[in-house]
Every structure is written in structure tokens, then in C-alpha cells.
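Below is the structure I would like to discuss, written out as C-alpha cells.
Note that the chains take the letters A, B and C in the order they are written out, and that residue 1 is the start of every chain.
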Amino acid sequence: MKTPKKIMLTGNKAAAWGARMARVEYVPAFPITPQTEIVETLAKWFADGTMQGKFTNMDSEHSMFMAAGSAGATGVRVFTASSSQGILHGLESLYTVTGWRVPMVIVNVSRALATPITLEPDHNDVMSTRDCGLIQLHAETCQEVFDFILMGYKIAEDPEVCLPLLVNLDGFYLSFTREPVLIPGEDEVRNFLPLYTATQPVFQASQPMARASAVFGGVTYTSFKLQQELASRNAEKIFAKTAHDFKDRFGRYYGPVETFHLDDAEYVFVMSNSFATKGKSAVIKLRQQGIKAGLLKLRLFRPFPSEAIASVLAGHAKVAVIDQNLAPGMGGITYPEIVTALYDKKNRPEKILSVIGGLGGKDMDDQDFRTIIETLDKSNMGKPLFLYDEEDAKNFDRLLKIAKLKEVSS
Amino acid sequence: MWRIRLHGRGGQGIKTASQILGSAGFYSGFQAQDFPLYGAERRGAPVMAFTRISEKVILERGPIISPDIILIGDETLLNDSQSAPLCGADPTTLIFVNSPHPPEKLAQKFSLVTADLTDLCHKHLNKRTIYSSALSAVGARLLGTIELADLLQAVEDELTQQGIVTQALQGNLELVREIYTKIEPAILTPKVEKTLITKPMVLPDYRPVVDGAPIILEPGNMALRKTGNWRVERPEIDYTHCNDCLICYARCPDGVIAVNPEGRPAIDYDHCKGCLICAQECPGHFINTVRETGLFP
Amino acid sequence: MKVLTGAYRKIKDLHPHEAIAPGTGLCAGCGGLEGLRMALKELGDDYIICNAAGCFTLLSVYPFTPLKGSWLYTTMGGPTPAAQGVRDALDIRMRHRGLEEKENLNVIVVAGDGSSNDIGFGATSAAIHRGLDFIYFCYDNEAYGNTGFQLSAASPYASATQTTPSTDVHEAGTEINKKDLFEIWKAQKPVYLATVSPREPIDLSNKFAKASHLKGPRMFICMSPCPTGWGFEPKEAQLIAKLAVDTGIFPVKEYYEGEVVHTVRPRKRLPVEKFLERQKRFRHLFKPHRQDVVIKHIQQRVDEYWGQYE
């Protein structure tokens, strides 16, 4: 694509376009719904010569991430994508390659985890990778998906970072949803993100080396882990630098978090990914009813921009952290992270409510947001609040009856 | 509390010795704890194990840094900087070395006990280098508070768990009885607890990946590690008879038999682990084996 | 009768180059290390080993490496896909990014029998299917050796492992047969496939020399006597390896261009007991009483195997 062009793309196609414009050289792939469209698109582009390099059909996500990591350590720009069960199957490899400290971009198309098995989204899959050392950017729109991949390579490949980076997008709500995406011209992209040259030693005959050797003794282990921590912390700084560079070239600016009607907000919804759009819509409607609502969207999720989040939330009275994930026996996974970020702020919110909704693709509507406001107003709000209403319970009871039909009739 | 640290080599029963000692202490009515340290190394490599025996509850875990008793099963470890069996010893530490000869220099610095366990093991077990029973018996006796009956019970329990056959068990029990009569209880001085002080913590600087990730750019630098200290016995080529067939060179798993420019095999003793395959395989039996003895550095 | 596949005829012909420096933490007398040492002599220094978690993890312990070439520690199930990634990346760089041919690497996987037969089995099958250009070296010590000797799919019938001990109820110990990895791999028609023994260095060297000139999946299973797990004195490692061949328990063979050839044939096979009786893992077959039925069964299987070729 020589000149910039706006085209209708699904989230998956936008991801594939991101990899194409980044001039990715290597894609090891394994299909999984709802991600498959990404690798199918890339397979076609490698096969017809649109993209230069190699597409390899792998045999599992464990294998796929392994091949992605070792190719990164051999000096090529790598892209791959997965989802849900696939992320879990590959989790050992993800921990392994983040420790190798090789750059690459991975797209996760969020989908709820078994059991029960389902296809629709929530964030337990991406949350399972929360602690493995990946840099994470969570996307709300197809444009963000595309832009984050370009920015992602820039961040991941920075010598101050050198870590795999994951871009998250929601299955169905984004992966299969088409909307206009502006694809910049090739030259513009090239100026922003040149062809890949490794900034670390890579495998080749003139550079014999041993990588990822075993360590014994906690001191050596801790020393390398601290370096991983420092690299990840650096990524916040490099993200900011990259975001400014991106804005200068392409006109779109991405902060580590996004605020929506937040300045005078009395109630704040903290959300991420595609459902943030629903949150924004609810904010507008609530404001029409005279309720001062606002929204904070998490974008850079790892490293966790504690300061950016805390400084934005401080001074607002009531905050609801909406987690589309569930740690049974604990609650929402991002909730404690947000609370921790605010702990030492003098003007921290009076109330921070944990809300759990959108599990397995369960929709959220405006009434859900209205209910969250009402709960925040209660003197004893209880926690967490599960977005599960009487109608949901009735519907489920109906299914139970069918599942136990014999029992009921006898 | 008495803290006992045991040193030996992988395959010598050092872990079992620490367990027998732990059980014996427990059977004698004490609080007890035992713990092996698994490192990267294998059979033949220096290993450590620990036993704590106390009248009161034991609020310690992990390796023993300042031992009251050090039991050294293999005297060749004494000049091994990696194993460093004397590390953390002070004048109150009692050191036992399995050796026929008391190392004089060592005796000047520490209170020292020696006995030739190797010969005793050979006598009772027909094996020279299994110290599980022997070393635990020494430890129990030095402590002086462990009854013989409890020690014998511990030997039987631990070795039975490992599937020892009856005949071998009897040998072990006799071995323990003999050591129990040979070694005298020691006078141990409890260690004085040090005052706690803080230490400076640092957050290191970020380093480029080449230093920040486990990357080694020095091919073959493993040779810096000298595995020669693993040897209990040493192969020596009898060059007057050796006909340079090079079978030894071909069979050495660690590749430590080089062929010199004259076409003769030469053993690299810095690294030879003492597996003795070369001696076993030499068609003319021209490689002799000699027991290694350790010297205090 | 010895059938040589390559140029080496005697010990003195072997490549003098030592590709693995000494000082590693592997057990004294490790049969697998001897096999790898001999193999690497033939492969030059321009290689990368993608290593599966296992005993050989101890080859490189930070900050040390014994290798003249490169090393990448992977996961227990991931060495072969890691090899795929390196191979693909080198090909991409040579084809599109001007990397010179002299920078190319021989891509080698080193994995134990647990990784090869169990957790990494599928990934390796996939790599053969893809025709990956690599050498696979399986050091087969017939159990999970690095974790203390538990049953793997390569543990032979009647061996005692930590997870298949011999008891009054299960006298034989392991009651299932060793997975025939050679035949399974052969079904996928790799370009080259061989079993090797450290006790047959000439045969081994000839096979690696031959494989080094081929392209595609080249698979090796190396019988790896394990003093620690099998229970014998380290000095007997080579003797045990020899008895494995001489009793016919371990057939030394290759598969190439559709044909299986036994490259080292025992002249007159010794009774299997000669191999079994020297190892602690088979001790229960002889003490406290002889398990004749079990021993006979092992002998029978060996005889049946060779019967196909006699």
C-alpha cells in the first residue's frame, strides 16, 4: 500500500495488516477460533509473495511460541497469534521466551477458558499471561489493533526493552467486527519502523553462544529476574516515547491510559478492551440523566502504569473496576492492582467497587452500568458485584430443567 | 541446638547419612530436621546434607552456614574450593574427616577427629565408598546424646526404606556398632548468637540484553571448572607397556584423554572425574588405579 | 560381521577434534555424553544445539558452556520447534537479508528418551512431517534420569524404576514394553534414521558423517548406559553398552532409502541375562529368587526380533 487508505477491516484483518506493514519476516502459526483469520490472511500473503519470509504451520501453541522465540533469537522479526486454550497450552513457552529477552509481537484474541468450553470472549486467557513478563497493550478498536502492532515492534525491539509484546483484542466483539481502519502508506511506516536489525547477539556461525543456560543458586536467578523487571519498567518510558513519535508521524496519540469524560466525574468505570466502548456509551447516557459518570480505559497493561492510573483516579469519589475475568475465590484480577496503585494517594477514592461481568461473552447493557452507580451509592455495597440479573438466573434454570428432563418427569 | 553439616560425593550416601542421624535424634527424644542440598552435579560430584538436632523447637530451615559439627566423608574434598567443606567453621566447630591420617595443619586450627571409615566400610559392607551408616554413626557418637539402640533403629528404618537386602543391613548394623565403640563423645560449645544488623540493599542498573539475559559468549569455558576433584580413584597409564591403541581416548565420556603429538594418550587430571572406564577398557590392562588422598591446602 | 557405512575403519581414524570441553556436571561414566561427544566430532563447530530439559541440561550451567558451537536451552517438549524457528530464521536471513552461507548452522536437537518418547514426541513427529532439516540426538537412558529415574515410555519391560518398583504384587517392575521409537519414526520416512552405541564409536562416527551430508530430518537414538539410574559402577558403562549389543537387546541399525540395515550384528547372541544381571534395575529378576518366566520373556522378544532378520 503506497498511500494511506481507510478500509473496512475486522480486528483480525487489522492485526494481519499490522504484521504486513511491519514487514514481519516470520510467522509460526497454529489455528484457534477466533484468531484463525489472522494467520489465514498472513499465510495467503506469504504464499503469494506479498510478504517476504516464511510462514510455518506448527503443531501446537507450545511449539509455535518456541519457534517464535528461537527465530527471534536468530535475528528475524517475528509475529504470531493465539487465543484462549492456545495461550494456556503455550504458557510454558511464553515464560521461556520472555526470559530469553527476544522481541516479537504476539496477538491474543481473547476468548473465555474451559471449563465449560466456549468461543466467546472474556479476559481470563490474557490474564493468565499477566505475570510472565510480556509487555501488554489492550485494544478497544480495530484501528488500535493495527496501530499497537506497529508501536509494539518499536517498543519490543528497543534495546532498553527487548521483550515479547502482546496485543490483546476481544474475540467476536472486535475480531470479527469490521470498521474503518486507516492504513498508512508504506514509506511512512518504513520511516517509523525500519526493517528489523537485531540489537543483541543472534545465532549464526560467527557468533557461537549459549543462551538460556540453567542457573543454580538464587542469586544468579534473582539477578536475571531483576533485569527482566527493569526491562519491563523501561517499557513504560519507551511506550511514552513511541506514542509521541507515532503521533508526530500518524496524528493519533495513545497514552498509557485513556480518559473519557473524567475531569468532573463523580463515578468512574475502569474498563479495558472492546467493552470500553459500551462503557463510553453508558457514560454519555448517564450524564444525560444528570449522573456525572466517566471512564478510564486501561491500555498499557504490562508494565502496569500505576502512577498514570492513580493520578487519574485520585480525587474521584467512586470508582468501579469492571473485570471481565474471574479468579474464583478471589474475584476480579485487575481490581487489586488498581486498589494497590491508589493505596498511598492522599485523595484516593472513597469507594472502589469490584465488578465482574462479561464472562464468556455475556453482554453488558446500559442498565448494568446504571446498577453499578446505584451500588456505589449504597452505604454497604458488598463485593464483588456480579453482573448477573434475575432474568439470567431464570434463563439458566430453564436450561437446567432440560438437562435433567428425566429426573423431573419421574 | 546442634547443627551438623555432612560433606561427600554424589553416590556416597551423604543424604542418607543425614537422614539416619535425623531419625536417630528423633528416636532419642529430640526435635530433628534433615535436608539435602541438590546442586547441578551428579554422581561423583561434591554434595552436602544437613541435620539439626535440638531439645527445643527448630526455627531454622535450609543450609547450615555455621555448623557445630562438620562430617567430611571424603577427604579429597578438603582441597576442593567448590565444595569448601570448612566454610563457616570456627574454633568451636568440631571437624571429622574420614581419613587414615589426621591432617596436621587442620588439627592446628580446629578440633579434629579422624577415622578410616573407608576401610571399615570395606570390612563390613565390602564397599569402600558408601558412608551412609558410617558417617551417621560418627555424628551420633560425637553428639553423645544419641542412644545406640536409637541409632541402630534409624539405620534399619532408613536403609530398609531404600530396599536394602537383609545381609547388607546386618553388615551396616555391625559397622555402626564398631564405630560407636571406637569414637568418643565430643565436648561441644554452643555458638553465641550474633547481634542483628541491617545490610545495604541495591536495585541494579539495567544492563543490555547480552548481560541482562543468560547469554554466554565464551565457547568451551566449561573447562574452567575442574572436575578432577570428583575422583576417588585415579587412573594412571603405564607408559612402559601402553601400545597407543587409543581405546582409552575413544571411550572417555568427558573427552579428557588427549592424544599428544607423538600419538600417545595423556590424561587431563584437572578434569578426569575418575569414572575409570579407561582402566576397565584398556585391552592390555595398562591403566592402573590409585586411591586419591586429600591434603589440607 | 561389521558392516561399515562410511569411511572410518579403526579407532585411530576418528576425528581428533573435541567439540565438548570437559568440566560439565554430568555423572562420571555417562554413556549419553560419550555418544554426544563422538557425534559432535563429526559435525564441526558451526552448530546450534536446541536442548530439551533433561540430564543434558547440565551441559551448560551459567556462566559456563562446554560447547564450541551454540546452545539454546528450551523446554522439555519444545526443542524441536525451537530448532524449527532457528532453521527458518537462518533460511530467511540467507534468502532475503544477505546472510552469507558461511554463517549457516547445523541445527541439532538433543533430548532424552522422556522428551523424545513422551512430552516432545508430537512436536518431533510434526517436525519430521514438515521435513525439517535437522539432526535429532536422543540419548536414551530408558527412564526420566534427571529427576531420579522414573518410568518413561522408553523404560524396558522388567526394569525397576522409581515409579514402577518391583513388589510382591508387581514382581517384574515395569510391566509394559519399551516404545519402539525407531519403528515409529521410520513410519514417517525421515531421510536418515539410526541407532548408535557409544561402545561402537566407528559405527557411530560413520553414521554421523553420513548424516552430515544429507538434508532433512536425520534421527538418532543413542543407547546411553546410566550408572546412576541403571545401578552399576561407572567404569562398567562401556561394558554394559557392549553387552546390550552382544545380547541383541539393543540392535545397532540404520534406515536409509527405505531399507533397514543392521550395521553391527552380534555374531552369536549372548543370553540376555549377561546384560541384565549387572544392573540394579534388573536385580529383582535374580534376587531374592530368579524370575525365570520374566527373563524368558525378555529372551523371547529379543529372539523374535532377530528372527525377522535371520
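Everything that follows uses one rule, which is that contacts are C-beta pairs under 8 Å (C-beta built on N, C-alpha and C of every residue); 3 or more make two chains touch, one makes a residue touch a chain.
Please read all numbers here as calculations on a predicted model, not as lab measurements.
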| item | value |
| --- | --- |
| Pair with more cross-chain C-beta pairs in contact, given A-B and A-C | A-C |
| Most remote chain, CA-based centroid, reference being chain C | A |
| Whole-Å gap separating chain B and chain C, where each centre is the average of the chain's CA atoms | 31 |
| Between chain B and chain A, distance of the C-alpha-averaged centres to the nearest whole Å | 52 |
| Centroid spacing, where centroids are CA-atom means, of chain A and chain C in whole angstrom | 43 |
| Set of chain C residues in contact with two or more other chains | 45, 58, 60-65, 67-69, 71 |
| Per-residue multi-chain contacts in chain B, two or more chains | 39-40, 214, 216, 219 |
| Shared-contact residues (touching 2 or more other chains) in chain A | 207-216 |
| For the chain A and chain B complex, residues of the former touching the latter | 99-101, 159-160, 162, 199-201, 207-216, 223-224, 226-228, 230-231, 234 |
| Parts of chain C lying in touch with chain A, wherever the complex brings them together | 45-46, 48, 50, 57-58, 60-65, 67-75, 77-78, 80-86, 88-93, 96-97, 99, 102-105, 122-123, 125-126, 130 |
| Residues of chain B that touch chain C when the two form their complex | 10-11, 39-45, 163, 165, 214, 216, 218-227, 230, 245-247, 249-256, 258-259, 268, 270-271, 273-277, 279-281 |
| Residue ranges of chain C in contact with chain B within the complex | 11-12, 14, 16, 18, 20-31, 33-34, 37-38, 45, 58-69, 71, 165, 198, 201, 227-228, 233-239, 287-288 |
| Of chain A, residues touching chain C in the complex | 25-26, 28, 52-54, 56-60, 62-64, 66-76, 92-93, 96, 203-216, 220 |
